[in-house]
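As written, the chain order gives the labels A, B, C and D, with residue 1 at the start of each chain.
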Amino acid sequence: MEVGWLYLIPLLPLLGAAFNGLAGRWVPKSWVYTVALVVVLLSFLIGFAGFVQMSGEEGTQFHETVYTWFAVGSLHVDLALSLDRLSGALVLVITGVGFLIHLYSVGYIDEDPGYWRYFAYLNLFVAAMLLLVLGDNLVAMFVGWEGVGLCSYLLIGFWFDDDAKAYAGRKAFIVNRIGDFGFLIGIFILFNATGHVDFAGMRASPLPYAVAMWAAGLLFLGATGKSAQLPLYIWLPDAMAGPTPVSALIHAATMVTAGVYMIARLSFLYVQAPGILALVALIGCLTAFWGAIIGTAQNDIKKVLAYSTVSQLGYMFIGVGVGAFFAGTAHLITHAFFKACLFLGSGAVIHGLHGEQDIAKMGGLKKYMPHTAITFAIATVAITGVLPISGFFSKDEILAQALNTSAFKFLTLTPDPTGPRLGFLGPLIYVLGTVTAGITSFYMWRCYLLTFHGNYRGPEDVHPHESPAVMTLPLWVLAILSVVGVVLVLPIHDFPWSWEHFTDGLFAHARGGAPGEYLPPLVTYGIAVVVAWVGFAGAWTLYKPARNIAGDVAFERATPRLRRALVNKLYVDEIYDVVVVRTVWRGARLLWRVVDAAIIDGLLVNGSAQLVAAIGALGRRFQNGNVQRYAAVTALGVAALVYLLLVRT
Amino acid sequence: MGFEGGPLLSLVIFLPLLGAVVVLFLPRGEGGLHKGTALVTSIVTFLFSIPLWLRFKPQVRGWQFEQKADWAPSLGFGYHIGLDGVALLLVMLTTLLGPIVVLSSWKYIQDRVKEYSIALLVLETAMIGTLAALDLVLFYVFWEAMLIPMYLLVGLWGSERRIYAAVKFFLFTFVGSVLMLVAIFWLWSDSSRAGGARTFDYVSIAQLSGALPLQAQRWLFWAFALAFAIKVPIWPLHTWLPDAHTEAPASGSILLAGVMLKMGTFGFIRYAMPLFPQAALDAAPVIGALGVTGIVYGSLMCMAQTDMKRLIAYSSVAHLGFVMLGLSALSPEAVNGAVLQMVNHGVSTGALFLLVGYLYERTHTRDLAAYGGLAKVTPALAAVFVVVTLSSIGLPGTNGFIGEFLILLGTFVAPMGTWSLPLLGSVSKGVLLSVIGSTGVILGAVYMLWLVQRVFFGPMRKAATHGLPDLSIREWLCVAPLLAAIIVIGAYPMPFLAASQIPANDLIARVRPRAALLPRPQGAQLMVPPGDAR
Amino acid sequence: MVGPVHYLVLAAILFALGAAGVVIRRNAIIVLMSIEIMLNAVNLSFLAFSRFPLVPVAPMQAGIYAGQVAVFFVIAVAAAEAAVGLAIVIAVFRSRTSVHVDEFDTLKL
Amino acid sequence: MTESVFFWIFAVLTVLLAAQVVLRRNPVHAAVSLVGAFFFLSGIYLLLAAQLIAILQVMVYAGAVMVLFVFVIMLLNLKEEEMGHERLTAWKIIGGASIVVTTGLIAYLALGNAYPTGLLRDMARTQPGFGSVKGVGQALYIASVLPFEVTSLLLTIAVVGAVVVAKGKI
């Protein structure tokens, strides 16, 4: 259905960004806050109204062509938006959680002189993210895709006078760009094969298998960049250099999930490329595990949450990878709630401790900041799944889908069609994912216990204090959402609020048919609960309140090598630094010295100049200024001419 | 066709020259008066060029604002000017940059102001004339006339190594032009083939040259192409550019990057490719490969620089590599993208040089090691610089994106045939060039953001003393039109793309008439991954 | 019988003498004199051709004296040349106290 | 017959004196020899029926120009040691040899059959009054009046130039 108001949803935050960016420095502070909050709220309200209207009837989709952005040759790119059940839900998450985080930021960033810049970036981010989600073609989506990357860059490097922070922003942008390179080529392949860049047009044209594989694979490369998956996850932990609300909004709730959204949006493409789906699931699974084990040894509260985000994003990719697009996106939504709550909670802690981020120097904060502690605990419950609230079900759904999936059964490892099949991949992912869930429970409870329980270990002169209401209110709202979000993912068939039911028919179906059933649901739930409690028990044993930080020492003593490696993030940054970064920079310098300066400029350019000069110097020896010599040479010449012209003829 | 608009185009061409004559008769020593005259002249020129834009009909095929007069009929050359969409875009770019250039070094240039003003104005006339000329002799005259003021700008008002840079610039470009001159004479002697008198008129020659034997076309194409390739500059003919840019004053750098480099690519679009279509089609993969080399190589060079202006100069090599890639692909998307990219590069690299000029005026160094933390002192300058940087690295929403996207997409789908490579097997040339070219998107971000961080972020270093002034009103006036262009072209590029559609399509139809016969590279021509089981 | 060939050979010998003087002698004055000899050799051949024209000339035509007119101009130019040349010799002698042409090689640089 | 006698006398004397000019070390001797050479050359001119030119030759060359030379020689007043010694370098030998060879070649070719004697006319015999002052004067003043006037300009310039160059400071 064509509508005429969709453009307002991203435009309003964009206007807010323009206002704050251009005028924010000179207008009173309250104007900046008001504008920033109101535009996001208005977007939310418009999105909500549209969502209610649209979701009444199954299959309704609002569509709007704002204008033809560019059209050349056979390429036609509209700035077109569409609101369906998936994008609608995400619009609500982005603007809703976004609004809460804007609100929280009012308290958090109030003392910083760059507050107007901050809100301009934040509004711009919301606009770009909305465009990413609403965009009805790959190019419009790409605009949002890169736009959020830009905002991420600006906000990570918000305190730009610290070189490390500016570097972290730059690293994020460049790693993302590596992914975007894949995204871009993916667009080209799809356009080349179908002649369209809009989703409807691409969906209508069946793709040759190889094309689908390449397109899906390269777009997934884009997703690994944006959504911090192996091997491009390295930017996300460093991205914690930005203000904490930014980490909550961009690096937990919304932007980093864009990859998952993209795959879900392009489900019709991915089901045509089952091999890539398997790759998505495998990468997701490995990333989930990888992030979780590094998370166990981090002492920076935000780094713990960052690796947790990497890990949880891995779960989402498992979901979409096994063809259960609804499960992946459901986890996306619940994760947005509880992870935003966790990050905001950590922000409140950092705020209350005047910038301290090391959990080794926290402890016992429950006493000083009860609201933060309780909401953090609720969100931790949600992510670890010790009690069946939102995170439990959404994660378990993914793992169950992975266990039971039929999507890989017909895939072979080799081109030989009779070769070994990949059917074992689903159960393998399930096992690894379940182990990861246990580790998740361990490191999240470790984080919670070290932060809020035991004795306060910080310096004497810092007096922890609870944050103002403007910050605790969003915490509570998000905590409540983490709990009630469970309605989306309750495993009840035909439950009206169920996300699976709600998105019925929105996603394409993976090849291989309906999932089978290895284990009955109750058994998997049982396993999940047990695993979560085992993780909790491990955390409690090591880090129970009385022991304070002693758990880490015990850990260190038990496996010193492993723990040191984990503390150092498995040396991935260092390896990349040596293998890629330094190689490229050194190579560039070498290329400049050798090829540009020595060969082209030295040998060819200046060389030819010197050759001319040398010939000139040779000729100069005849021009010695002695007129008689000139006359003699002339006479010789005349003699030669006479001989040639008169005698020889 | 026709004479509509009267001598408007001639007016735009020669107004700056008139201004130069006026400056010539002004008393020496009145620096402000000279600069003022130059400024007023360039602004008036810009105002006069606005009707060009408004009256131009992009949907009409053929030359607009055409004007023809005898000059030396016995020798076959005349005064024949006119615009197509591509030339119009570049004329608009030139007239827009004109006042900005005059303002850019307002305070910096203090000696020989009179000569400086004259050089700038003469340069503007020469550049607009080069774009508008429809007669090969007229074109050549304007083309060479560009050289002299630019040579003086670098050689007289440049920094330490200015003489070396100026001579290098002059010799490089002159070597190419001389070959082109020979080719022009060849065309002239051939132009009587159809029975008429010999002529240098572009329109008449263009009707004949397409039918030349391939061997002749090859020689002529490469003679023209070399002249243009040096100007672009295409790798490996680029080494004059970093030197010239580094030593030139800000105004010279802006004009050099903003307009003069585009004369090379414009030459390919207007002369080298349509005049010798078969040779151009043969050479397209080579030029595309050189363009891609330029992208990657230029980007890597940027990463090795410690001099700001040198870095941006090398980034021009990369950007112009994109343009050449787009032209060589000869698909509508790519060629239109290339034309737009020419404008984009003029705007954003022009702006970069402008801003670097501001930095240099404040700190008197171009050495990156001395910079750091400037964003604290000059926040507005930093913000503007970041916006321009984003345009330069092709962020969606800015002008740079549209150009790069169209070029890479157009190259990807271009029916250029296949190369057979070790390991990969038979690969579509377009796909390969496009994929390698796309890495420029990554590398561009690497070096530009590195530059931004080095200069503006981090702790304050030597050059960033407190009390450095932020952008003044004059500086804002210079940079604001460029910022506006960055955003407007990025958000709504259709009017600009519309102007280039017809010339681009004509070029493609001329060079690649068999396009429809060649299949687009489909899935079968892509590589088939292992693990494929259907 | 003396014919044009005798005059022309005489002119050649004189020219050769003059040229040899220019090439060999160091004294600038004598070089100038040698130049005068060369000019006179040319004059001689002009006059020889004037008396024995190669092409048939109609009686009392204007061109009949072309050779002699040319010689007239050569004499005028030679006079001017001698004047200026000797002036230069004087000027150079003042600054270098030498009249040796092989020492005047400032053109070298 | 008379012509032959006079030709040989004048020719031999001219060549001998011209050789003296080139070979004499003392410039005064050279100058005197040159006067003689020009004098006998003007005799040859008479044989070629160029009476006006012969007179001019004596007046301008043997008179004015040679006086100029002698003046300059006296003005410089070169001492014995200042005249220096002739140096015979390889280039001088090459140049001299080239000149001799060239002249020899041309003379040989001219004395051979290259010169078409049969076609020649002798103006002195067929044109009565050839070379008279009247005839040459008419040719000068009517046919080449412009070059004639330009020559006067040239001479003026030469005079001014000579003064400027020789005087150094004015």
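Miscellaneous remarks
Just so we're on the same page, a residue touches a chain if its C-beta (ideal position, glycine included) is under 8 Å from a C-beta of that chain, and two chains touch if they have at least 3 such contacts.
Worth saying up front: this structure is predicted, and the values here are computed from it rather than measured.
For subunit B, the chain whose average C-alpha position is most distant is D. Nearest to the overall CA centre, using the mean of each chain's CA atoms, is chain B.
Put simply, the C-alpha centre of subunit A and that of subunit B have 36 angstrom between them. Between the Cα centres of subunit A and subunit C there is a gap of 95 Å. Subunit C has its Cα centroid 62 Å from the Cα centroid of subunit B. Centroids of subunit B and subunit D (each the mean of its C-alpha atoms) stand 67 Å apart. Not a single residue position of subunit B touches two or more of the other chains.
Shared interface positions of subunit C, defined as residues touching 2 or more other chains, are 19, 23-24, 26, 102. Of all residues in subunit D, those touching 2 or more other chains are 92, 95-96, 99, 102, 106, listed in ascending order.
Residues 67-75, 139, 142-143, 145-147, 150, 153, 157, 160-163, 166-167, 170, 173-174, 177-178, 180-181, 184-185, 187-189, 191-193, 207-211, 213-214, 217, 275, 410-415, 417, 584-585, 587-589, 591-593, 595-596, 600-601, 604-605, 609 of subunit A are the ones that touch subunit B when the two sit in their complex. Those residues of subunit B that touch subunit A in the complex are listed here as 168, 171-172, 236, 238-240, 297, 300-305, 331-333, 336-337, 373, 375-376, 390, 395-397, 401-402, 405-406, 408-410, 412-413, 434-435, 438-439, 441-442, 445-446, 449-450, 453, 456-460, 492-494, 497, 501, 520-524, 526-534. Contacts from subunit D toward subunit A in the complex involve residues 91-92, 94-96, 98-99, 101-102, 105-106, 109.
The residues of subunit D lying in touch with subunit C in their complex are 3-4, 7, 11, 14-15, 18-19, 21-22, 24, 27, 30-31, 34, 37-38, 41, 44-45, 47-50, 52-53, 56-57, 60-61, 64-65, 68-69, 72-73, 75-76, 78, 82-84, 86-88, 92, 95-96, 99-100, 102-103, 106-107, 110-111, 115-117, 119-124, 127, 130-131, 135-136, 139-140, 142-144, 147, 151, 154-155, 157-159, 161-166, 168.
Taken together, the subunit A residues at the contact with subunit D in this complex read 628-629, 631-633, 635-636, 638-639, 642-643, 646-647.
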